[in-house]
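By letter and in written order, the chains are A, B, C, D, E and F; residue numbering begins at 1 in each of them.
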Amino acid sequence: MAGRVVRNIARADASVIDGLARLGVATVHEAQGRTGLLGARLRPIYPGARIAGSAVTISAPPGDNWMLHVAIEQLGPGDVLVLAPTSPCEDGYFGDLLATSAMARGCRGLVIDAGVRDVRDLTEMGFPVWSRAVFAQGTIKATLGDVNVPIVCAGASIAAGDVIVADDDGVCVVRRAEAASVLEKGLAREALETGKRDRLAAGELGLDIYDMRGKLEAMGLRYE
Amino acid sequence: MAGRVVRNIARADASVIDGLARLGVATVHEAQGRTGLLGARLRPIYPGARIAGSAVTISAPPGDNWMLHVAIEQLGPGDVLVLAPTSPCEDGYFGDLLATSAMARGCRGLVIDAGVRDVRDLTEMGFPVWSRAVFAQGTIKATLGDVNVPIVCAGASIAAGDVIVADDDGVCVVRRAEAASVLEKGLAREALETGKRDRLAAGELGLDIYDMRGKLEAMGLRYE
Amino acid sequence: MAGRVVRNIARADASVIDGLARLGVATVHEAQGRTGLLGARLRPIYPGARIAGSAVTISAPPGDNWMLHVAIEQLGPGDVLVLAPTSPCEDGYFGDLLATSAMARGCRGLVIDAGVRDVRDLTEMGFPVWSRAVFAQGTIKATLGDVNVPIVCAGASIAAGDVIVADDDGVCVVRRAEAASVLEKGLAREALETGKRDRLAAGELGLDIYDMRGKLEAMGLRYE
Amino acid sequence: MAGRVVRNIARADASVIDGLARLGVATVHEAQGRTGLLGARLRPIYPGARIAGSAVTISAPPGDNWMLHVAIEQLGPGDVLVLAPTSPCEDGYFGDLLATSAMARGCRGLVIDAGVRDVRDLTEMGFPVWSRAVFAQGTIKATLGDVNVPIVCAGASIAAGDVIVADDDGVCVVRRAEAASVLEKGLAREALETGKRDRLAAGELGLDIYDMRGKLEAMGLRYE
Amino acid sequence: MAGRVVRNIARADASVIDGLARLGVATVHEAQGRTGLLGARLRPIYPGARIAGSAVTISAPPGDNWMLHVAIEQLGPGDVLVLAPTSPCEDGYFGDLLATSAMARGCRGLVIDAGVRDVRDLTEMGFPVWSRAVFAQGTIKATLGDVNVPIVCAGASIAAGDVIVADDDGVCVVRRAEAASVLEKGLAREALETGKRDRLAAGELGLDIYDMRGKLEAMGLRYE
Amino acid sequence: MAGRVVRNIARADASVIDGLARLGVATVHEAQGRTGLLGARLRPIYPGARIAGSAVTISAPPGDNWMLHVAIEQLGPGDVLVLAPTSPCEDGYFGDLLATSAMARGCRGLVIDAGVRDVRDLTEMGFPVWSRAVFAQGTIKATLGDVNVPIVCAGASIAAGDVIVADDDGVCVVRRAEAASVLEKGLAREALETGKRDRLAAGELGLDIYDMRGKLEAMGLRYE
């Protein structure tokens, strides 16, 4: 039965979280073996935001945003709200009042596999949201959901305290226990890419830098 | 049979219309009991526009934009064009020439459950459009439709002269006869929210402001 | 069997290509008889870009971006990469490293009926992409595809060397052999429109400018 | 505010309704000037059903099927339930228990722009449903909606007592006041088609039967 | 990194599994508190199948069905294959040869958030499949995935050995450890419904059987 | 400009066409190197049909079925009509009258990237259709299209006289000039599969039959 609120969730180290934010979604996703992406249907309401934070998860009934109020009390500085409806829904669960409240508690953004509204206000406030829809449809407060339980959001499994990374490329989740090691791998990957970027910019080809010609020929590539 | 054009439609009071524009879609939708929203598939071609106006409605065959020319003659200052195709269609019914003509007559924007094109020009002209698609596909002028008859646009029933409110959250329709009362309720709602916004910004919780804790506990919410 | 790379494709005249870019998608599409549009699902990753270039085509397996490296070697200055997956796919085939490499060879942009990532970087670099999705999902390099063979991309048939025109309205293909004649027709069309724009801006109606009233009446249009 | 139930709705003549059922959706839709179709997203749960009946309309909150119980009391023999959610929803509002109750009151079927479940039981019971989805997702009973008020269902405007015609081609609504005249036109159309069917079956061409060749040639059709 | 195959998974009791199959998806979903449904996009390839079995899970790259061969070796009698691609894909991972092999090992069916082919053969063989698409698109065998690891399939979290229930209403997952208790609750629910079905069939109303009238009136329902 | 009708198209050998029909879509698609499939959105209106025939192609404006009458005159025995609208459209271009006419000329079926209606009649007549939608929406006869020109239908490029193969798995096109060789490869593939089917049915594993274990181990597969 719904109605559980888990307090006192564990969080990853703040410096690790901030490091993951700086790497961005694509690099983090690669660094952890191409896993953890949420579905491409989640899009940012405005371009340019790049955040990471600890997930405060919400499982909410369709068209009912009551649990957002409950979840906001559980927010710590640097957290990210992550909401999955229990059945597909585009209603606008979240607007400028809830954003005001969430920001007051240090929340860095919202990831929601449903709708959001007041997007002009949210943009002006600098409160980033990744959502499935922008839709003004109002919600009710009649049924319980859960806070800080494991959820599936846009096809990805997320536990409270997992690290959410989000930018213009979408949203990625990193298991809390793996956050430090993913950061490390991501930094290594980034270092590797820097050198390559310079060579590519100078006109060298990936075919040569990555030594692909032989393998392609062996596979049967033929030039005409 | 198609081919009707209704002239001399009734319109709501201009100050009421402008008041509704200022409130915006989410507040207006709430103020009239969470009704009147058009489907979330209608999105603005550029961010930041917020308008309201009297609907000049168009029922048009798929891929045929002839009736837009007929409708433009029926426009008065402050009106909004609202087009619904008679079967689903993404073609680009409207572009910069029609926008030039509509603006010359005081039109404030277009709501269309189909496609639009020349969106860069429309953006530069400051002519806002809420559409289902951006698509350059041209249309023909071969079949009649209707102007200023009742239509269903993106799932909402709209009569000529109803007030259309549109912003970054989408599009909402207000019955002409209810416009003044909806404005009143919306202003009341807005006043109420202002105080709450300050308290939320100061860190007070919705759980306390709205006195939800008892009811949640009674429903069975449990903290772990 | 996949694995073909065609070198030395023919291209349209550079001045024709640049002329088509200036006209833009909607005008070019009209000028060639309302043909050649790619599906509306291809959207630009940022607004404002308007390009034209010769297509270097790529047929790629789902989730495999190996052929992009092969295709980049075939790029000449002013070319546009056009990728169609052999079955529907939203994975992020292309990011900032590949863009760096493509730009180094004079590539003007990418049209892809799949996903793209690193869109913030691509935006900062000014490398425009029209894609079906923004999705960080990584791809592999395991299977061959083809380069510069005829493809179907977002519903349009495209041959290597055809001219791709792309802007905020979407993407259009012009057969290489018809590029000069389409440009001519487009310029004529544009000239025609200029005069009309002024008359429409002055308040004249399309009904009168295009002499539609008689035909509409004959079709049965009736005013009430 | 929601919560209205209109009793004692007017209905069309039973023989007219049955005549419309016999004609089927495509003919009825043509007979009334190609209007009245509900969106193609509504599909029958099993093939072969062909019904017509008077609409008992339901406007229901997303994920809340309480009003179905209220509506069933308003059913008369030969009626059809028509449900539109107030925001898009695929939840399974209706199953075998509600169907048992509706059948006991003479209901001929359900049209629902949402989900249905227990479809194997419904098929065995011979209770036809046209729905947007088959989805077992349960609903709650917490919020009021309306019964027998005008609704928009799958893009069509429907009033209580309007005639619903549904078969394998989809669903069509006929205004109650126009039902007799639409039937008459439909029968005329049907009579006309019978003769043509025989001629077409004998190998005569539509080009000749409908005398299209001259018009096509005038439009510019050319054979190669 | 992908490439894990877990052997010797735990399974629920066979009689519990068969009991859940008999209850069907809608009842099981209700019995466990309206949780566990996979998305409505998964549809059976033919009507009438109703199965339950232990999940042998597969996480597979897009367009690569190699892991199906690996998974089939892990099948025990009464198992159900459950495949989730690591990025969205409609390719036809599975056809009659794989079904022959799976049936030889006692497999009861396949649940796949991707495509299937040879559906006529599968229907004749009586091998049920719930899939996102029917699509003949072939797959390759080039990249590793995982077998019997936790996956997210069509929005539901599934562990190897969980009980999959599937019928014409869709697919539901029951945690292995909760299977017995869910069966018990489902049987109780079913018993309860039987009596109600008879009363409803006799014309009694849900409004009275469930004693709703008072509550509806208190909520503000009004008859006109 | 539209309005071309090509007469006297070349066709593949009848026995080759019938051989391809017997192989079915999945085998034919594999036999020609996994190419030629039309999009999965095309579905049969009833199960069990399996046909092949020479394509008589139609490029038609949205919502205008005039060219179908023109195309029917071009049909020879064993042909298949293939219609692609020039912009996306779900209208019902085709019903029982056109099917009667097409059958009278020996047509084996219709493939249409749009809607169809009268599906109950078509089913009873045994006239198979693969379509994007079932939708009763009527079409007009006002604008020219083309017959027997190259088209793109559901993402596949099709020329008049190409062989269309269609069954419950979808639709595949085979280039006319390659039909005989594709048939040969398909028969070889089928022969190969027969032996394997028996071994798989006897419980042998694909892992062993196809000798995959070593390669999987080399790739890093690990059992736990």
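We adopt the following convention: a residue touches a chain if its C-beta (ideal position, glycine included) is under 8 Å from a C-beta of that chain, and two chains touch if they have at least 3 such contacts.
Predicted model, so just to flag it, every value in this text is computed and none were measured.
Number of steps on the shortest path from subunit A to subunit F, with steps defined by chain touch: 2. Mostly identical positions are employed by subunit C and subunit F in their mutual contact, as over half of the interface residue numbers are shared between these two copies.
For the pairs B-D and A-B, the count of C-beta pairs in contact is higher at A-B. Annotation: 31 Å between the Cα-based centres of subunit D and subunit F.
Subunit C and subunit D have centres, each the mean of its CA atoms, that are 41 Å apart. Averaged C-alpha coordinates give centres for subunit A and subunit D that are 42 Å from one another. Among the residues of subunit B, those in touch with two or more other chains are 1, 34, 37, 40, 87-88, 90, 135, 137, 143. Taken chain by chain, the contacts fit none of the simple shapes, being neither an open path, a ring, a star, nor a full set of pairwise contacts.
Under the touch rule stated earlier, the contacting chain pairs are A-B, A-C, A-D, A-E, B-C, B-D, B-F, C-E, C-F, D-E, D-F, E-F.
Remark: subunit A residues 1, 3-7, 46, 66, 69-70, 72-73, 90, 92, 95-98, 100-101, 103-105, 115, 117-120, 123, 133-138, 141, 143-144 touch subunit B in the complex. Listed in rising order, the residues of subunit F touching subunit C in the complex are 1-2, 33-35, 37, 39-40, 86-88, 150, 152, 155-157.
Here subunit A touches subunit D in the complex through residues 61-63, 87-91, 135, 137, 140, 142-143, going by the rule given at the top. Per the touch definition, subunit A reaches subunit C in the complex via residues 24-26, 29-30, 34, 37, 40, 43, 47-48, 50, 167-170, 172, 193, 196-197, 200-203, 205-207, 210, 212, 216, 219-224.
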